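Two complexes are shown next, each including subunit A; its partner changes from subunit B in the first to subunit C in the second.
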Partner chain A sequence: MAVLPPDMNAATFSQMLEELRGAVGADWLWSSDEDLGPYRDSFSPVWDTAEERHASAAIAPADVPQVQAIVRIAGKYKVPLFPISTGKNYGYGGPSPNVNGSVVLDLKRLNQVLEVDDKRHFALVEPGVSYFDLYRHIQERGLKVMVDCPDPGWGSPIGNSLERGIGYTMPQFRDHFGASCGMEVVLPNGELMRTGMGALPGSRTWQEYRYGFGPDPAGLFAQGNFGIVTKMGFRLMPLPEYYRTGLITVPRRRDFVKLVEHVNYLSDSSMCGEAVYGSPLQRLMGDPQFLALATKLGGPSDADMDAAAERAGLPSWQVDLQFFGPEATTSANWDYAKARILSDIPGAKAIDGDHFPLPATEEQLLNKTQPYQTGIRRYGALGVPSLGIWRIVGDNGHVGFFPILPRSGEAVFEMQRVLGDALKEFPLRPFFNATTAPLYWHTYAFQMVFAPSVKHDDPAHNAIVHQAMKKVVAVAAEHGWGDYRAAPIYQDHVADTYSFNHHALRRFHEQLKDAVDPDGIIAPGRGGVWPKRFRK
Partner chain B sequence: MSRRTTTTAAVVLVLAGMAGVAAAQNRQAPVTPAVVVKADLPGRTIFERQCAPCHGAGPGDDGSPMLPGTAALSRRYGGEIPGALELRDDLDGDALRLFVRNGIGAMPSFRKAELADADIDAIAAYLKATAELSQSR
Partner chain C sequence: MTPRMGDSGGGPMVDRREMLTWGIVAPVLASGPYGALAAVPEGLDALVVDSRLADAGLSALAARRTYTIDGDVTALWYNTLDTLWRKPGFVLGGITGTDALFVLERLAFDCGRRAVSRTELRPADRFGVAAASWVIAPVHPSVVKA
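Let's look at the complex of A and B:
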């Protein structure tokens, strides 16, 4: 036995396990150390320390009635359940729970793609369906829709969207929770609820009209703990006829401000897909002199950065643009983008990139024919699930902090400087420096990334990472930048920063939690929301 | 409370930055892909769905010569043992289970809910048969 649930002795735990076995069968309940090993967060910076969170058991139901039965047994014993979909939330806690001794509710066996409609462009899936599964379902049937999948693609549409994960295609599909439509939820009392049009018996628009009538509680189930989502709908992009890319470079550091404004216009007008920003000056980071400049306390001057760029013969910034649609439309949108940006930014240059009809050939998917160095990950850009991104995972993984910042060049410069300075005391790679580009994943906001690696055999390194994570959350918040998603060990830290009006939002969430789940049966602490039973 | 530690040695992967990684790897020298003759066994589908996206013998994304797991094992063995699992005839079910259930390096462990012990045995049988077919080709 690993750990016991809160407020429970071993005898009662055994009794509860017997009841749970009765609900799902002996093969689908695990409580040995060996079987619970894979429910640890292997990317945890508190690996093998007292702060690591452990499950007491894991259970894998086969269907929704079994989920309901488990929730009712958990309610009887007042045991926290921690639901996971495919359990691949690495960098944000993996499959490990918020509360020690929780029973992980492993939904992997609920793995049916229930519907894909390529005329009305939606899918309805269960939580154990991975992006690979959904993609394969679509390909095997020749359906004309494109999935917007995260990197890597072994996670599930439901799990990823409930974490507010992202993808890489057109703006309205990249925000995966934003692109969801309709859910089925097992509530903390075991009752089954459907949101939106799903609440209307006989409705055939559950995956088309999100709201139904009256308040829409769907948002409570993302990064929340008010129920267990057992079905969820997603909007899908019609398979575009054509895909086109192009690269814009600008010479000076300050040109980034205008470049971002132009790309915001293109994106908000639905003219382009994910814009992938980068700085060609990153390739100078191996030069100690340039490294010192780019990481200078207080930030380098524009003049010094421009001089370095000129000496190296490199532009200061670039953006990879991507266009989806009919061939003529992609061509016109790229021509418009070039004309708009090049006429406004002196010295800006444009290079035509790959373009081809969809679906892509295997060669095109491998991204080998781009006439310039591109930051685009082709699989993700075309909605094809992959694990190729794992090549950037070092040591035993990493933990992630992805602060949200405004879509402006000035905001990017400020975050580079403030968080770069704040993290200087830690012997870690300089994630924030004068060449750090923003990520344009979410539809209407930028993010930047701090993702230091963890090492199971180096607790001193992990302690540094842990300390740096807590500091960067706090410093970012002082400047109005909040994290979008966090591992259980950081969720309280992050939630603490969303403190407007004496934590009115948290107090509201707590009132709701106390009303629908006073004993904390569903993931107490998730999203920083604790029921009264667990509040200190 | 007993907290198991992974007993297997760590595979050290190349740590690259999050941004611009694709660009950095886009110009790597091409590698001649290994020839794999796939055995027609039940483990093939399981391997292709659960393992091949990282451990397949084909090229990686965006110009990478190998998929990440295959690249990691190639670095680890320095050419003495194939990096592609489908060319390995020395991995029985127990050996695979050790890595699958414990993880190694950057590879997380896999749960019984997603990969049953019987699946791992089926994968082992497929790998052995595929390696033998590929060697005799």
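Let's look at the complex of A and C:
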């Protein structure tokens, strides 16, 4: 046993463990170093340093009454619990807690798909259900709905949505918390609460109308620490009849501004799924001369980038578009997109992509017939969970900073330049450069990615990554860009940047936390929200 | 339901006794760097081989009772392990990249299993991926065979 809970001696800790064993059975409580190894964040840049956060124990209840019992025991001993669903939040802290000595509450045994309705298009699941589990449930029953999966698909819909994770299909489903509807929560005092229509006994619309009546506290449980979600509903897309892709390229750097405006229109009109932006010029980054241009301090001029594109015979930007629906609708929407964009941007070109009825065959999923090189993650785009992305995860993993920025070409150029310059002092891959494209994962915002790798055997490299992470959070905030999700070791840094009116939002969260969980039983520090007991 | 993921390339399962007389595979495992796999007291129920590791000796293992992956464990997980690992027993050996092992270890952990042995066969390449042989076995009472 390496660490103890805060303010607790070894004897009291043993006593508490005994009570916890009584609640769940001896086989489902772990406190040895060996057993707790998998609860470390193996992607952490502070791996094996004093900054790494460790659990004192982990416990896996079988059902909601056991969760309630654990919460009450934790309350009696004032021990922080750190709830995880499947614990696959890698890049954002994995299963490791905010506070050293927390007891990880592993909800993997609450793994029932409670309901999937393919006429009203929703699911109700427990936290230990993975995307694979939900997908299998749907496939085995031949249900006509599509899951919107993150990549990889081993996480849980509840865990991912509570982290405000994303997927790759239509806009209203990609924002996983936005697509949620109704939750059941064990509160810090052990009481069970349901939100929205779930609060009305006898209601049959828990997964259809999320608000119920009065204030809706559901948002407090996303990246929050006000309770433990034990059931959650999600809207599901009716299985589309047909899928179609198309690629549009534009020749000049500045054309990106108009391209983004057109795609915004298509997306906000629900005409297309995830738009996957890219720059064909990225393939020139191996050329030292082009690399120097694309990473030039202060950013390159449009003219220099256009000249480089012309010399290479490449367009400056491209966007992969995806269409879901009846075949005729997908065809009409693609035709409309081509006509709209090609008539407005001189030199823009369009290439028809794949198109086929759904569900896709294995060959279609593997994308062997696509007429152009695509950035679409086909499994994700078609709601099929995958683990294939792990083939491209280098070293011992990575940490992630994904700043939110406006959906405009100008904002993209500014972030490329500002964050590219800010990170020049670090010997890391140039994540931000003149070819960096935005990610269109969330429904109404762009993101960009900074995800440097970590190496367990190279603490000097990890220290560089750690410094770079802290700097990029701070510099981004100076320009109005905030991170959307962070590992516990960065949550205070990120929360600090959301500081309007002398941190009014954080003070409000703290007031709520003090009211419902003054001893910090549920994940103190998560989302940057600390109860009075832990505030410095 | 027919899984729409790629076939993992594995054959039908065999009982453990049969595994001990795994004619083609046993000599290969017993030799050289794979000795740890042959040393598992109860024998292996199956073996995962990563086709990215172009080892001539491994080609002999491309028989039934082996699952061939190309680094991506999706099909192996969805079509095979997700079901098998819910039941007690099943000792799995592997000769894979450490990236694939990372994924399998995490999935195994959820199912009360752990990598009980691992041997580095080749140091990390420029992407940080090493080659390893390993054995994942049940350790939690809920899945350890009586």
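Here is the rule we go by: the second predicted complex is superposed on the first by the 536 of 536 C-alpha atoms of A that agree within 3 Å, B and C clash if a C-alpha of one lies under 4 Å from a C-alpha of the other, contacts with A are read in each partner's own complex, and residues count from 1 in each chain.
Quick note on the criterion: a residue touches a chain if its C-beta (ideal position, glycine included) is under 8 Å from a C-beta of that chain, and two chains touch if they have at least 3 such contacts.
For clarity, every value in this text was computed on a predicted model and none was experimentally measured.
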Practice task
Judging by the criteria at the top, classify the pair subunit B and subunit C on subunit A as clash or fit.
Solution key: clash
Exercise for the section: Check whether A:Ile345 is in contact with subunit B, with subunit C, with both or with neither, and answer first, second, both or neither. Expected result: neither
Practice task
Figure out whether A:Met146 sits in contact with subunit B (first) or subunit C (second), or with both, or with neither.
Solution key: neither
Practice task
Check the residue A:Met271 against both partner chains and state whether it touches subunit B (first), subunit C (second), both, or neither.
Solution key: neither
Practice task
Could you look at A:Val472 and tell me whether it touches subunit B, subunit C, both or neither (first, second, both, neither)?
Solution key: neither
Practice task
Name the contact category of A:Arg378: first (subunit B only), second (subunit C only), both, or neither.
Solution key: first
Problem - Contacts of A:Leu439 with subunit B and subunit C, given as first, second, both or neither - result: first
Practice task
Mind working out whether A:Pro38 is in touch with subunit B, subunit C, both or neither, as first, second, both or neither?
Solution key: both
Practice task
Identify the partner contact of A:Ala360: answer first if only subunit B is touched, second if only subunit C is, both if each is, neither if none is.
Solution key: second
Practice task
Scan A:His54 for contacts with subunit B and subunit C and give back first, second, both or neither.
Solution key: first
Completion exercise
In subunit A, both subunit B and subunit C touch residues 38, 42, 86, 88, 108, 132, 152, 154, 366, 379, 385-388, 390-391, 393-396, 453, 455
Exercise for the section: Give every residue of subunit A touching subunit C within the complex, in rising order. Expected result: 27, 38, 42, 86, 88, 108, 132, 136, 139-140, 142, 152, 154, 359-362, 365-366, 379, 384-388, 390-391, 393-396, 453, 455
Completion exercise
The subunit C residues in contact with subunit A across the complex are 1, 3-6, 71-74, 77-78, 82, 99-100, 102-103, 105-107, 109-110, 124, 127-129, 140-142
Practice task
Using the touch rule from the top, collect the residues of subunit B that touch subunit A in their complex.
Solution key: 1-6, 10, 12-23, 25-27, 49, 53-54, 59-64, 67-69, 71, 101-103, 105-106, 108-114
Handout entry: subunit B-facing residues of subunit A, complex
Key = 2-3, 28, 30, 33-35, 37-40, 42-43, 48, 52, 54, 58, 60, 86-88, 90, 94-95, 106, 108-109, 132, 152-154, 278, 282, 366-368, 370, 373-379, 385-397, 429, 436-437, 439, 449, 451, 453, 455-457
